[in-house]
Every structure is written in structure tokens, then in C-alpha cells.
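Labels A, B, C and D are assigned to the chains in the order they are written; within every chain, residues are numbered from 1.
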Amino acid sequence: MKKWMTVVCLLIVAAFVFAACAPAAETASQVPESSTESGEASAESSTEASAGTETTGSGKHAIVFKNTGNPYGEKEMEGFENAVKEAGQEAILRAPDQPTAEGQIQIIEELIAQGVDSITVVANDPDALQPALTKAMQAGIKVIAVDSGVNAQSRELFVNQAGSELFFFFKQKTAYEMCSGSGEFAILSATSQATNQNAWIEALQKIMESDEKYKDMELVKVAYGDDLRDKSVSETEALLQSYPDLKCIVAPTTVGIAAAGKVLTDKNLGGKVALTGLGLPSEMAEYIDNGVCEYMFLWNPLDLGYLAGYTAMALTDGTITGATGDKFEAGTLGEYTVVDASDGGTEIILGPPFRFDSSNIAEWKDVY
Amino acid sequence: MKSSVNILEKNKTKKIFRELGLLIFLIVLCVVFQAINPTFFTWENLADMLRNTSILAILAVGMMMVMITGGIDLSVGAIVALAGMVSALTVQYVPQLPAVVAILIGMGVGIGCGAVNGVLVAKGRIIPIIATLGMMNVFRGLTYLISGSKWVSAHQMSDGFKSIATSGIGPLNTLIIIAVVVVLIFYYFLNYNRTGRYIYAVGSNPESAVITGIKKDRILIMSYTLLGLLTGLAGVLWVAKFASAQGDTATGYEMNVIAACVLGGVSVSGGTGKVGGLLLGVLLLGVLQNALPLINVSTFWEDFIQGIIILVAILLNISVKRRADKNALKRREI
Amino acid sequence: MDEYILELNHITKIFPGVKALQDVNFQLKRGEIHALMGENGAGKSTFIKVITGVHQPEEGTMKLDGQPVQFKSTRDSQEAGIVCIYQHSTAYPDLSVTENIFLGHEITKGKMKALQWKEMHAKAQELLDRLGADIDSRASMGTLSVAQQQLVEIAKALSSQARIIIMDEPTAALTKRESEELYEYTEKLREGGASIIFISHRFEDMYRLADRVTVLRDAQYIGTWDVDAISNEDMIIAMVGREIKQLFPKRKIEIGEEILKVEKLGRTGYFKDISFDVKKGEIVALTGLVGAGRSEVAETIFGIAQPSEGTIYVDGKEVKVKSPTDATCAGLGLLPEDRQKQALILDWEISKNIGLGNMDRFRDGPWYNKTKESKTAQELAEKMAVKASSIYDKASSLSGGNQQKVVVAKALTSNLKLIIMDEPTKGVDVGAKAAIYEIMGELAEQGYGILLISSEMPEVLGMADRIIVMKSGRITAEFKSEEANQEKILEAAMLGE
Amino acid sequence: MSKMATLNKRTNVELDRSVLEHKLDPKKFFLQWEWLLVIILVVILIINGSISDYFRGTQVLDATMNFMDKGFMVLAMVFVILLGEIDISVGSTAALCSVIMAIAYNAGMPMELSMVLCLAVGLGCGYINGILIAKCKELPSMIITLATMTIYRGIAYIILEDQASGGFPEWFQYLSWGYVGPIPFSLLMFIILAVVFGLLLHKSVFGRQVYAMGNNETTSRYSGIKVNRNKIIIFTLMGLMAGACALFLTSRMASTRPNVAQGYELDVIAMVVLGGVSTAGGKGNMLGAILAVFIVGYLRYGLGLINISAQVMMIIIGLLLIGSVLASNFLLNKPKALPKK
């Protein structure tokens, strides 16, 4: 028995060594269909790397998402890749296994070492990436933030899905409509992971204080579901127990809204407690169809990634510099203009989020 | 041999105290929660709580078995995800598949994963914590790979599959029923079956188990495989319950399971652990998870409270044990 | 029907590099108690493992009831009715007594083979009662004493209705009285129809119990005799292969001033009112039955446990011993009862083990000076005549006697005045015993005080200047060696007030 | 010189004296786990260098910045695991240290003092672990640190909720981003500490005591080693190194959150075990663990350079851990018959 164990051990060690070597062999052959880059790019990349990073034009553009295994992120990366491929350049798609800044920093370092032309990040933390991104910018790499941004010092441009005011308008009106103007409503959020969510909630409370229209509405609780299914369910159930008069739940997080949809469906509360927020069409199709959620919103991650891809290329080839007023053509999306962002930097705004309801959900549920 | 009587007495009080203490603690906790939020003791809430706790109970029973052998399994969270994902993908591509088959597929995946763990521990002689730590990475990575980093969503699952978690008999949800059945089966297995008792024997004294002629390796592999089976089952239930299969399902859930076992009096060094105590541990965690949001404790305090309760429970337990030992010594005539 | 129930012929068992058994013959008659004797390492344990099927011999045949058999595992031998009670307890501490008894042959019922606990508890209790043992069958095994656990093992053998029962040094951990009880139980087993192989290196066991005796030495078969037909001396020669002239090299030593004085020492639940003293060059024996509290007294003096009352004086000055370090500083040393678990690190070399005794001695600032350690270790090991190829041999490779010598060497690295020896010759063979007694005598000669804790009467009578007897945590008698004899000591140990 | 027994020299002494001078057995020397690790490391470096054009010169040094924070914890974890204990609260401890440092700084404490506070908090957390473990012998350290793990991170969450805190002075970034010559500052610190810890473990009396305790705690206590004190020291040291990890990690991120260093404990334990330190206690050495830090670090970095996805990386790391432990079980050591209970 000892003998075969030895053999097994050797095989495993060998397998691991091969596993480490194999991707090296594969990158050359397999890459085209493996969604990382376009046909001739791999050959180009090696010559280009030795030529140095100053070369603009057909370059390498990387996007770093929050974490792996998130379909929203996959679509965003896919959009980015589409844009870069259209221009015949090379795209690198990366994400750490955990949604942490540490993981993103390491990836950024690896990308700097590879001498990419631009890095687009969907940040896990607005500030934590600053040293890494500063290092990248010093190395001549263009840094763009998209979706979940970084602070103004650590980016050259922010591709924002929506100006904040725009968003509140939408959401607020939604909650207002769903509560028919009065009653209790609650927010089911994720926690710290998402930079943007807390900003939204804060500004929302501000609007409610300032606008007469909302005086009959009461925000009873902001619950945190940690973007975990089980916790989001517990929190939703607790909301329903504690506030029997609850009229509406607003969940600006894809995991939270789906968990809440599930709870409301199971408890047959569709129609009694309204649900809205940000959700993936695929996750929410069920609950839109069964009427638990009348409508909800989301940006098209494909478009967002696509725009980020064109922004990255425009910055790299010098079409824009990231200054206010710069204009560029973003493929099929048309022309975009750089505007001032509230945090002192500059940004590009994608546009209003898409509204999903029973009329259009069927065509989107299989897309993302 | 004169002192044997005293020792026996001590032994009994200690045994009773452990479970009784936990029960009293649980009751006090419930009373406090009820006082703060009267909706705690409603049928609906209790049903919610039991439903949410049932998956934990299934996993804890399996984990207890592995811990009785002196092992531990850190990969349960990853197996839940993998088994859940595989069955969800199957359901997605073969919508007319009966729910039972989906469950069987999940359990099959679980058995496979568990068997790998078991073989690594028993035949590969890798310390359980390390073997399962390594496999945790592997299983989790596989989950992402087979799903292509996509989720399987509610609308992609058949109604039959989703009804696993929504249907029920009378007021009892299927999940609760499955959990009760699993607990009963394993109670019987661990107490009234020869092989079940051998698990205790292996954990209590591995050397003599071998001398007695117990096939230690087989028992070890079987324990991990059974845990795998239960984990696979839990994976399918998890996915059916939330109607969504993700790559990061149940990340870190193994710690909850282990905590439930520890609260329930299962010793990490093997040999001891009872289904009764375990259930109390599971319920305690379930009540906490259910009630903390109800009494408006900030999410950010939950970790801390849970940790303190675990620490207090284990410290109380040993201080009581020590006092009992001391009293027994005092009673001894010299 | 054959005269022999079990017959083994020309058994040879080879482990990598060692011949563990070489051409061994053995016959067990029906209904006899057969003693298997030999020094440690003679191959007794390997031999039983061959019988029980743990090991398969390279050569030789085994016959059961005249039929050739081959055991591939312990299960095979159990099914053939052979049960072994091992030297080291094989109990499951977390399981109940009942379960320990029935493990492997549980009572089951129905298709599901459900375990019948009520029935098993009742049967177990009946078995224990039949043995006259005061043990609750529902108690968990870990709460029982060693002797009680042994009884449970015997009950287990009874319950399985074994035809051949092997007892591997069952008396090693037992006191005199418990041994007596064990003899009775063994007789009962034989009356029940079992044939018994009794392994021991105590002559007393052999004379008291056995009909015939087989001796092994250095993995070889030496011979089989009727117990009545072999003299003590011949037996020693058969076992050791040489004559031991003087087992107890008692020397005349000038006894000096007092080193250790203990006054009214007590520890809740263990002992009370313990007062005695040890002088320079004196060997004081502390004896009594196992469980009388002797080892606990030693542990308390050495600082492993804290006394609840009383005082300890060294050289007339009161000392507070809070830890073994304090004890060593005060000049007290302890050779613990369980060498392998309390005194040695088996995976370590001899030199490192010796160094462990007093690490501060080999300290250069914060650093550890290995050269110094090796030198000292070499010196001490030579003085102790440790048998090994070098001081870099692992402690686990040594025999019990040599391990004990290393433990003594380890103690001697410190600047001691008094050495407490707790059962120094337990599990040590005859040859090594003599060497240890010699060392003990020499140490006393050099002015060390020695507190000898022992249950072995000959050792106590042969070595000690004074004998203190304990019973149930109290001192019941004290004798000068001249006035002591076995009867007096036993009386004090068992009946004393 | 103490009074030593001057016993009569016996005649039948068979101890080989020549071994006193040299005891290096070449066969034994090369059959060590560390050699396998060295080979794996070299293979990884060569593969990294050949598959990627970017793995050159200073990049090799730069890459270390990505895993040095865990390296600090590995140094102390070697001691913990050598004792046969385990500490799974280190990731949480680091998070708590980091959060408290950030809060203190933002509350007006000078950065230097905040850094000291960070280390002190680590020290305190470790001390609490140590006391609990030393005083509650009935409980395995796994259980105790499981509880404190939840508690420490819980406190971090209570303090900072879901906020981030940062805004540290520019110079603070030097810890994890700065260089001394071509060598990253963090690497230099690691090397210095590795030497200190190596000496402590292999040359000092304390180190010898740690090995003794890991092999047999009872014997150690009977031999006069202050078992409880040493345990507390080691866990305190572990906490201190978690604090050090927090310093470097925070410096690297320029801002902190309660969820930093999540899962670090498992990475760190995996590295130590990969380094050949037995979780049963008493066996293994510092060099192996240090090599393992570089192996895992460079492997991850190398896989990152060729843009391997995170999923595949997880699988490779998992298989590496299991494969290497299997190899050490069956190639180098005879398998132990049964695990010690």
C-alpha cells in the first residue's frame, strides 16, 4: 500500500507542477477563444512589452472586478472586452477570489508588472487602492474607475453608471409610488463592500427631510444583509415580523432584492408589501412575473463595461485627457462628454438605469 | 474502589448539568427576546426560525460525527456550494427532472467530495484540518468553474425543485421535516447501530479500536462520506430555499456549523458528542440569528454577541466541571 | 480430542532489520494457566500478537484444536475464541462500561440489528457482579481506576465466552491486594473452562497461578517447565541468561543531617497529615497500595500540585514549592512514575533528554549551548552505563531499564540534594533492576537523600533504611528496616488506622 | 559548576564518543523536507521567469510585497503550531489592530503612537488567547481561538461598522511600498525578523523549551519548564505579529475596514504546514516555513502574471497543500501508525 501511495503522491506533485506550467503553454494557443484577447494580440503583446509601455495605439487594457463568480461583474467585464476587441486590442479580465482590497492590490501589481496600458477598476474600497493605483499612474498606466469608484486622487476618470441625483429621483419616486405616498418603508442593504450604497442611503434621507412630498413616508429601518443569502433572508423576515404595517422594501443590492423576493413569495405577501430596488433581471424574473416585485432597476452592465472599455482606449490613445469637456465616441453607444464629479474629479455618466417590469423582463432574463 | 461511588455521582451531575444548563440558558434568552419584541413567540416567527435552522441542523449532525472521530471538516461550506450548484445546473438543463432526483444528484456530489476528504484523512494520513482546508479551496474553485461564474436563478429552476423548500405538511415545512428525519436517523445510527458506535470507539481510543478489529480507516472514510452526503443534501436544500445557486454560497458557513457543535458539547478531541446536546447548540445559534434582528441589535454587534456567547458557554462548562471535581474530592474520605 | 488446545511450532517473525521471534514453540493445554515469562524485549508481546493475528509470522505453523489455522486479523482470532487483555489499557474512556465489555460482539435484535442497551447493561452488571466487582455498568470507563478497568477487561473476556484468554502483564499496574483479587478472577475464568496464557515478569504471579511456564529470551525459545519443577535460580538464569549475584547491593552508609522534612502536609481529596523526614545518605521508602496517595505526595513535594495545608522544609528552612523549578532550585528531584509520558521525550536523542533536566545549566546568555550539553550527557550516560550506540540514539529505541538510567542522568544535571524515585523499577527487567539498585546505593553513598516510592515488597525491604506505610492518604506506620517484614508492612497498608 | 554525581564508572560502556565531533549524516541531510521545498521554489521561479517576460530583476523582489504581511504571522505561527496548538484568531486580531490604529489616528493621536497602539492591541489580543488557553487546559486552542476570532472581528465591526477609515500620512505608506536600495522595506523587515525568530527557535533556550513542550507537555512540566508561561508568551507573540501584519497591510491599503485580513488564518496555517511543521507539535523548523511563504507567494504571483483566473488559482493552491503534505507523509517520513490523541 505504501508503494502506491508513493506513486499517488508523485503524481499529485507532478500534476501540480504541470498545472503551473500548463497555462503557460495554453496562453499562446487557447487564448483567442478563452475570452481574454483577440486573435493576433498574444503575439503582439510580447513584442510590445519589450518595446516598453510608452507605445500607445493597439494596447493592453485590463479590468479588475470586485470578486470572481458574480454574474453582474462577468457581464460588465464582457462589455469591456467587447469594446476593446472591437478596436482590435487586447483585454485582460481579472478579479480576486474574495471581494477584498488586498486581492485587488495584488492584481494591480501584477498588471503593472505586465506593463498594461490601462487599468479599469471596480473597487472594493474607494481609498484602499490609492497607493497601488498611484503606482500604476506613475508607471504611465491610465487608471479608470467604473461602477464602484475610487477617490479622485487615484483615478484619471470615473465611468459612473448614473449621477447620484438622477438615481435618487428614480428611487424616491418609486418608493413613493409603491407606498402610494404614505406609510412605512425599509431599506435592505448590503454592508460595507459596496462603496456606493451608503452614499445613496445617506442622500436619500436628506431628500426625505427636505421635501414636503415625503412627509407621510417613514423610513423605519435600514437592515444589512451582508450580501449573504441566509442573512438577507433572516433580516427580511425580521423586518416583516417587527413592522407588520410595512408597505415597501427597497433593496439596492442584487443579492438582497432576490432574497427579499423569495421571502415575500414564500409568505404570499405579493401585493401587500411592495419590493423594488436594484436587481439582476435573471435573478428577479421569477418575482417580477409573480407580481411580488412590480418593477426594479439596473444599468446594463454590458453597456457600462463597454463604455469603460472605450474610455480606457480613448484615454490611452490621447483622444481625451480626462479633463472636463473632453468628448469621445464610444462605439455603438454614441458620443460621451467628460463632466465634473462631486468629489472633485471628473466622470462620464452612462445614463439613467433601465427599468425592468413584466413587459420587458422576458427578453432580458436570459441576458444577464 | 471505595471512591467509585463518588465518582459516579459526579459523573451523572456533570452530564445532566451540561444539557440542562444549555437549556436554561436558551429559555432565558428566549424570554428576554420575547420581552423586547413580542412578535418573537408567534407561530410564524418560530416556523421561520426552525426553517432557517434546519439546514444548520443537518450539517451539524454530520459534523458531529466527524468530530467524534477526532476530526474536523472545513470544506462543508464549499461542498454545500458545489452540490447545490451541480443540482441547480442539472435542473436548469433538464427542467422536467423530479425534485427527488435533484436531491439525489446533490447527495451524490456530496458523497464524492466527502469520500475524497475521508480517503485523504484515513489513507493519506493528512491531519483533517489541513486536508479539508486544501479541499475547501478545490471544491470552491470547482464550483466557480462548472458554473462559468454564473448564477442559476429562480426562473431557471423548475417549480418542483423550488417546492422542496416551500411545500410542507400542515404547518411544518419540508425543510423542517427533512431535518427532523435526518436527526432521528442519525440518532438511531449513532446510538443503536454497531457501526455508529464504532465511530465513538475510533474517536475515543484509535489504538484499541484497531486491536479490537474495528476497521479504523473504513470508519473514518465512512464518517467523512456521510458528512459529505448530508452536506450534499443541505446544498440542494440551500439552493432550493433561496432559489438561487451562486459560486460563493455558504462561504464561511463551516464556522457556524462547528460553533453549533462546540456549543452542543461535542469535543474536538473526539469520543464525545450527543445528538440531544447538539440540537440545543443548533437551536441556540438559530434563535440568535433569528432574534437579534428582531430586537433591533445592529448587524455589527452580531459577531461579537455570538462569539461572547460561545466563549461564556464553554468557560461556564469547564468551571462547573472543575467545581464538581473539587467537590467530589472534598467528599472523599481520607 | 487433542491434549493441546493451541499449538505453535517454529514461529519466526521478522521486522525490518530485526528478528522479533526465532523458531519459537509453544503448547497450551486445555484448562491450564500457562505463564509466558521473559525480560522486556524478549519477544513476548510480539508472540501474542502473532497468536491474535495482529502480525503474521514469516515461518511456522499454528494449530487450534489440532487443526492448522491462519489468522489474518484480530477479528479471525476473536471468532476462533481467542481474547487478549492487553498490558496497556485498551479501554475506551468516553464509552460506558457496558459498551467496553460488549464492543465487537454487541447484542442486537431484528433485521435492523438494533443494539439492545437494556439487555446489555443488565448482562454487564451481572458479569461484574459475578466477578464481585463494585462497578456500575453505566459509568463511563474514563472514571474508573486502572484496576477497575482491568476487571472490566476480564468481564469482557468472560462475556465473549473465549476459550483462550491471553493476559499481557495484567498485574503490572496493580498493587499486591489487587493482584490477589486478580488471581482469584483468573482462577474463576479457568473454572469457567478457559485456557489462559499469563504473561508476566513477576515470579510471584507465576508461582501463585501457573501450571506450566514457557520462557523466551532475546526472541528465542528457551524452554517449557512445570512450575513446581523449576527453582527460582534456574528460572532467573533461564530468563536473564546469566546469574545475578546480588540484587540488592545494600551498603553501609553514614546517615547525615536532615535534608527534607515534611510537616502535616495535606491535599484535599488525596492525603492528609503527612509528616516525615529524609536525611543525607538515607533511603526512605514510601509504600502502600496503589491509590494510597504516595505518588500524589511526591507530586506535591515536587511542586506539580499545590498542597492545601502543611509545610515543607529543606535543610531546615521552609520552602514554598510552587513549581518543579522551585523544587529543583531547592535541591529536590523527581523520577516520575511514568517514564515514557512524564520523564522522557521519546522522539528525542538521549543527549537532548539529559539536557532537558536542567536547561539553565547549558545556557549561554539567551542561547543554548549544545556542545556543553553533549559533553555533560556523554559523561553522565557513561556513568549510568546507558546501553546505546551513542548519545544521539533516540530515547524510544532504549529498553525500559536504560530509559530509567537516562532519567536518572537527567535528574543529575541539576544540583540536587534529594531524589524522589517513584516506582523506579516498574516495567524494568531483572538485569536492569540490579543496575538501578546499584545506582541508588551509590547515590546514597554520595550523600543524596532518596525517597523511594514503591509497591514491590522485596525492593522496599532490600533497599530502604526506613519504611513509611500509607493507606488511603494517611501514614499508618513507620518501620526501621531491621524491624520490618512483609507481613507487618502489608498489615499496615491494608488494615492500618 | 554544580555538584555532580561522581559515580563509579562502569565497565560495559558502549557509547560511541566519536559522534561528539560531527554528526552530519549526508543521507539524512539531503532527505529533508526543506530540500523538496527548495526544489519546488526553484521550479516555480524558473517557470515564472520563463512564462512571463515581466518576471525579471527587481520584479522578483517587488513581488514579495504582496505576501510579506502574511509572512510576519507565519513566523509566530510556527511557534504556535510547534506547541501542538493552533490560533485561528490571527486574521481577526489583525483586523482589530488595523481598525483601532485608524480610529486612534483619526481621533488625533500621532501616527507613531497609533502604530505602537496597533502592536499593543495585537499583543493584548494574543495575551488574552494565551491566558485562556493556559488556564483552560480542558479546551483545545482551536475552540478558544474560534470564539475569540468571532469576538475580535465583532469588536472591529462594532467600532467601525461598515465604514472605512484611513487618511494616514504619506510616509506611512513607506512600510509596504518603500525600498531600501532595491529591496522592499517590508522584505527587509521580514528577513530581519525571520533571522531573529529563527535564532530564537533554534539557538535559544526558549526555542528548545518550545520543542520540548510540543513533543511532550507533561515531561516538560516535570522537567521544570514553565509550560503555562511559555504558552502565554507564544500566543502573545502571535498576537504581536498579527499586529505587525496589520501595520503592513494597512500601509499597503492606505485605508482600513473591519473585514480586512479575512481568511488570513487559514493561509498562514497552510503555509506553516506546507513548510513541514507538524500540527501534532514538536516537529518542523523555521526555514521550511519561510520557504513555504515564498513558494505560495511566488506561485500566486506567477499565476497572476499569466492572468490565471482566481478559481483555478484556488484549486492549484489547494492541491499544492494536499500534495505536499501527502509527499511529506509518504516520501520522507514513515507514516505514523496512528495519530496521537
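Assume a residue touches a chain if its C-beta (ideal position, glycine included) is under 8 Å from a C-beta of that chain, and two chains touch if they have at least 3 such contacts.
These numbers were taken from a predicted model, which means no experiment stands behind them.
**Q** As a test of understanding: of all chains, whose mean C-alpha position lies farthest from that of chain D?
**A** So the chain farthest away from chain D turns out to be C.
**Q** Give, as an integer number of Å, the spacing between the C-alpha centres of chain C and chain A.
**A** Computed from C-alpha means, the inter-chain centre distance equals 71 Å.
**Q** Roughly how far is chain A from chain B, centre to centre by C-alpha average, rounded to an integer in Å?
**A** Centre separation, chain A to chain B: 35 Å.
**Q** Express in whole angstrom the distance between the two chain centres, defined as the mean CA positions of chain C and chain D.
**A** 42
**Q** Using mean C-alpha positions as chain centres, tell me how far chain B is from chain C in Å, no decimals.
**A** Roughly 43 Å, centre to centre.
**Q** Any chance you could list the residues of chain A touching two or more other chains?
**A** Where chain A meets two or more other chains at a single residue, that happens at 5, 67-69, 97, 191, 224.
**Q** Going by the touch rule set out above, which residues of chain C reach two or more other chains?
**A** Residues: none.
**Q** Two or more other chains touching the same residue: where does that happen in chain D?
**A** 161-162, 258, 309-314, 319, 322, 326, 329, 335 - these are the residues of chain D that touch more than one other chain.
**Q** If I apply the definition of touch given earlier, which pairs of chains qualify?
**A** Touching chain pairs, listed by label, are A-B, A-D, B-C, B-D, C-D.
**Q** What residues of chain A sit close enough to touch chain B in their complex?
**A** 1, 5, 67-71, 74, 97, 191, 221, 223-224, 226, 228-231, 233-235, 237-239, 241-242, 244, 258-259, 261-262, 266, 280, 282-283, 285-287, 289, 365
**Q** Show which residues of chain C lie in contact with chain D when the two form their complex.
**A** It is residues 302, 304, 323-325, 327-328, 334, 336, 341-348, 355-363, 366-368, 374-375, 378, 380-392, 410, 412-415, 439, 442-443, 446, 448 of chain C that touch chain D.
**Q** What does chain C use to touch chain B in their complex?
**A** Those in contact with chain B are residues 54, 73-75, 78, 84, 86, 90-95, 99, 103-104, 106, 108, 112-115, 117, 133-136, 139-140, 143-145, 147-148, 268-272, 293, 472-474.
**Q** Using the touch definition from the top, list the residues of chain D that touch chain B in their complex.
**A** 86, 136, 138-140, 142-144, 146-155, 157-158, 161-162, 258, 266, 269-270, 273, 279-280, 309-315, 317-319, 321-322, 325-326, 329, 335-336, 338-339, 341
**Q** In the complex of these two chains, what residues of chain A are touching chain D?
**A** So the residues of chain A touching chain D come out as 2, 5-6, 8-10, 12-13, 15-17, 19-21, 23-24, 27, 36, 46, 49-50, 67-69, 92-98, 100-103, 105-107, 109-110, 113-115, 125-132, 135, 191-193, 198, 224.
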